[in-house]
């Protein structure tokens, strides 16, 4: 199940497919796919109608934003950083859209363009403060979380004003009418397109230097990678995708004061559920997306079981910890210790030790996030 | 020099029956006496001019306040729980507008506000700071949580300055007056009764709630449960939504996938429109709908003319504390418990209210009662 | 294999300066300077409104505002020093307030049992956190986030609202003052001193710096790294438990959401990092954390006096946190760079790129 | 050997150890007597450190017994080993940079008074230990971060001694020390010996082995070759028995047909904070060696040429064109490659596949034409005897030698004009070394200019056409290829080594 059993792969492309396959069946990622299947089956058993295309479409439509956020968060995490600001950003973007569009169809796309510009700006700020000023991204994005949340309310005097236009809302609400599915949601299409895009990106040179930066920033730098730039791009990707998520969420349900609250933790949890290692350099984007779907599916299951809604978080917490713990066990070896990962000292024979690599993990110089003061 | 900011007699919260809240010690949010009182109060004709509901009162017992009488512009201090939802934002604007009127007329000088951003501990500190400063001729408090703010409010009472509490209550009757609409039980009942009347026996109802543990909200649900209990309606479930439209719509969609939903009951209108949309997008018939007097919902209601009701938690109550303060500082008597009228909006008066609130933002509350204030409508439109 | 040594030493900054000051003190010094700076700035701003910041009342207000976050942040310091973190502190505080208040149930004789029960439960949660993190190898971020969900679920199911009541004698903990010093702040001071002594004067304290600095080295030196980390998590939770008890005293009852949605987890981490403790662990301490908490409290008080809009408050807080940490980071960077043999230690442009890359910072 | 007939302090018999299936120690016997300095020698990967770590309680042995002064002991944790009086100076760096010397020395065993750590006493005891060993220039309160490599090494030894140890194992303690600093270590070892403390001494520097040790145990590929009294064996025999072949045929000979071509790399008056007045020329087909003591600035020079810590003075020309790289990117674009001395920290992204590592520079800098170049990767890998089969394996699973080959492959695909290699054979075994040498010859035959840094003089002498020697950041001279170690050492230590440590 470990990489050592990998079949021969002559060409780079094929082999990355190979290693993806490995990641699927080995280590962290296996758990999430198994879990996802189990949960979906459970739901279907309890409520066969869930398997009917329209229900599935509805499920995927409402899952799409989180999946997209997870992809964005994945880029940042794999580069060795955190993005806590996405929740606030989603909220801010929806409110901005409502206030600026104010129900005027004609303004829709102008405003959407503006939202992307704003998203880009936020990503740049997060990235540059983290890489150039060396503020740990946990703190940087905690700061932007506060700033965004406050600034946008300040701007709208506390509660969102204005209204979204139909052409804005269609993206999260409408879809292409089809016979069987009844409707193929635009949200789903966007999610799939972005998902494929992410997979391709991770196979492209950028994907590899992103991984390298998260794995060992110094080595990457000595190979000509502009680590600061790569990580900044990751932050920009994250906040751009958060903007897309905002468009879908706002479109799906309209504006309320609470949009986006807590999404940052949900997104990070989803990514980790996908077996992606906090601290960077390890993890598969498809698994991260599966993590997001799993997270949503679990919530579905709970409503399905009609569990008292107050009790749900408890179960959710248990499942998350159990899943991650299980992944950590089946994981091939202890990952190079990430910034917020823990010393799991006492077992020399443990995964820390790997063949021909006596000192691996022995010297505490495992690549951490290059940007922690 | 060991001093204390602790109220004499200290904690009164345990099991003690008092204005506003019921005993949190039991963690129970249903007190039949209060429930029945509130339901009855709905049919009692309030005193005063119906054109100024914020000055009306139901069965007031006046208390003498001559001891607080003073001359000249007063410094009024307001400790606000938060402006973290549209209902409170709307109300707070109304309050500020009301203050300006009295500042014009020279009755109020300085108006000091501290906002606790929903942090109970912070609000306690805010109140203590007001008390210590000794500058406050009157202290208005909108408590964040009934039980937790009680000690601080008691301490404020002991400071000698008149204390006015509104919206959510406290477990003590030390404030000069406690201002509130009829209350959560009535609010919850209005919606529940409407559903019972307008649905057939055996029909299904989904209850959507914001969050657990806030008494005003819990009372609403407690009343609804009471009424659903002796009806033939089937309650499919009660879900917490955090008032987040996306969650609301997603949840309703899920319930619709599993079968019909004939009625929706909500403990607060935030996001009612999202619930309605779920029916539209699923191609299902509109449910019998319980919302709130929030404009986005009222407008949706008018568009679709579905069967609906908008229970009201009278937002105009935010004007009353200011009037109360001025009266008290003039030594005029005020009701010890100032119960304001609280009438739901029905299809009969729907159009009238939408007209009156023409051009106001969608997250604005119809019964905000500020039409006659100088800042109207800009202050509520631009929110500043 | 001496390569490791090489890289280890590839960053010693020039010794003369080094020898001069012990860096830990240096950092703490800076933070208290920052604190003073903020007080002065605040005093000026408040002064403009004709009021004055440093009146007895305002001091009381500031100190009162330090207590709750203070306890939590001290606990958080232990875990962060060990290169872990605890996102469950707010939830533990809520739990402890309810356990405490329901156990006491207004009866003065059950004061002690109430306190003990609350702290035991809190410590128990910390123990579980520690075990999950060390034995199950769940990243602390997820482990403690999951624990938060579990506690929230339990509390909201078990208690529909505020529950329990504290006797007046205990309410005093939240309201009594000794001169301008609130009792809770006095207790905080004692706890802070105790924590500082623990870190600076006990083997476990030393072990925490070692585990956070480099758990492998710690292990080879015979330190039980898992045990150390578990202790840190227990202490963190216990401190949150104390905060919960203080809140119960202030509220005279126990509550759930009102406490766990107050955002203590992130605020405490912010305070710890504001206090100069490395998020990467291995360096820092309680003294700094207290300064960090004071900074936030001063801001709060100034904001209150100036009646700053609550939303603008968030903006300012965010800015202050980022700027402060950026300043510390700047100092770390300046410390870097090899001993210059020729002329001033000129840093070529390439240096920026190199240092933007990686592990070197981790140790600086 | 007076000790021989006394009961040994430590006796290891039939000790075997495997890591994940591969046995790296095959039933090894070793006995050490009180007051004896016992050398453990062998090629890289022979198992020296592993044996030592078994003694230190870091790795439990799979089989075999260890007796301490007669009775059998089970050393499963470092704590037990220390308690048993066995302490170790590990090969890898083992100090906490942020903590003071005293805190490091007593880490985990801080002296206490009434339950509290007695910091004052800890400092005093540390100062005492240092003084006792005649080390004057280290203060107990200095953070280790601020010490020189040598000073840190001393601290490690003091730390080991502070355990009331009966046996101290030292794994290549001098590897990071300059000649003059080695003298200090000699003193330390002698002091220990006088106190009846046994020393197990691992070193690649045979001179030290003969200077210091009473007996020598030779390991080869995890098996015991022999244990001999150092008096009874000559250096040449020792090498022969370690390596199993003559040193002579050790370095591939240069193909006489390869003649120096035009100058490809030229540094004129290059200087920055670390090095100064560097004048250097490397021609096509030429291998230039760069020698110097640790800390003499070889790595800095390499890093300056490669734009990591760029020259702030002078100029760098590649094929006559002035480049003066300000960053690795620019260096790569200018056709320069750098194989760093620290493979794991600076050379590899260990969690990524071999292929991902091999094409990292292409991905980062040379995207245009990257695909074509990438096609050459499998060829290059197999030319380095890295089977393309392993392409999708994550690098951390490879042996040190193969990891180094991946680093080389990474740079070979960039088809550099100039290749700088910093300690290219550090920590890799004979076979891998050979492959590296062959690759270098092959490259220079194809006209690449090679600048090679190495601390192993035989290697430099065997491979280089010329050897440029650095001392304290300046070029102190040049020696012709095939010169002898004395000449180079003379240049490297020409002026009395200034107190850089101070």
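Which chain is which? They are A, B, C and D, in the order written, and residues in each are numbered from 1.
Rule of thumb we're sticking to: a residue touches a chain if its C-beta (ideal position, glycine included) is under 8 Å from a C-beta of that chain, and two chains touch if they have at least 3 such contacts.
A quick note: this is a predicted structure, and the numbers were derived from the prediction, not measured.
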| item | value |
| --- | --- |
| Set of chains adjacent to chain A and to chain D | C |
| Relative to chain C, chain with the most remote C-alpha centre | D |
| Pair sharing more residue contacts (C-beta pairs) when B-C is set against A-B | B-C |
| Centroid distance [mean C-alpha coordinates] between chain C and chain B, Å | 37 |
| Rounded Å distance, chain C centre to chain D centre (Cα mean) | 41 |
| Centroid spacing, where centroids are CA-atom means, of chain B and chain D in whole angstrom | 74 |
| Interface hub residues of chain B, defined as touching at least two other chains | 83, 212 |
| Multi-partner residues of chain A (at least 2 other chains) | 158, 216, 218-222, 225-226, 310, 346, 359, 362-363, 365 |
| For chain D, residues contacting two or more additional chains | 49, 58, 77, 91-93, 308, 327-329, 344-346 |
| Interchain contacts, given as pairs of chains that touch | A-B, A-C, A-D, B-C, C-D |
| Chain D partner contacts - residues on chain A that touch it in the complex | 3-4, 6, 8-12, 15-16, 18-19, 22, 205-206, 208-209, 211-212, 215-216, 218-226, 281-282, 333, 335-336, 346, 348-349, 353-360, 362-363, 365 |
| Parts of chain D lying in touch with chain C, wherever the complex brings them together | 49, 56, 58, 77-79, 82, 90-100, 103, 107-110, 112, 115-117, 119, 139, 141-143, 145-149, 152-153, 172, 175-176, 271-276, 297, 299-300, 307-312, 325-329, 341-346, 423, 426-427, 472-473, 500, 502 |
| For the chain C and chain A complex, residues of the former touching the latter | 1, 4, 7-8, 82-85, 132-134, 136-143, 145-154, 156-157, 211, 213-219, 224-226, 229, 266, 269-270, 273, 278-280, 309, 311-315, 317-319, 321-322, 325-326, 328-330, 332-333, 352-354, 356-364 |
| Contact footprint of chain A on chain B as seen in their complex | 83-86, 88-90, 92-93, 212, 237-240, 242-246, 248-251, 253-255, 257-258, 270-271, 273-274, 277, 281-282, 296, 361-363, 381-384 |
| Complex contact set, residues of chain B against chain C | 1-7, 9-15, 24-29, 82-83, 112-115, 117-122, 124-126, 128-129, 132-133, 144-148, 150-152, 155, 211-215, 218 |
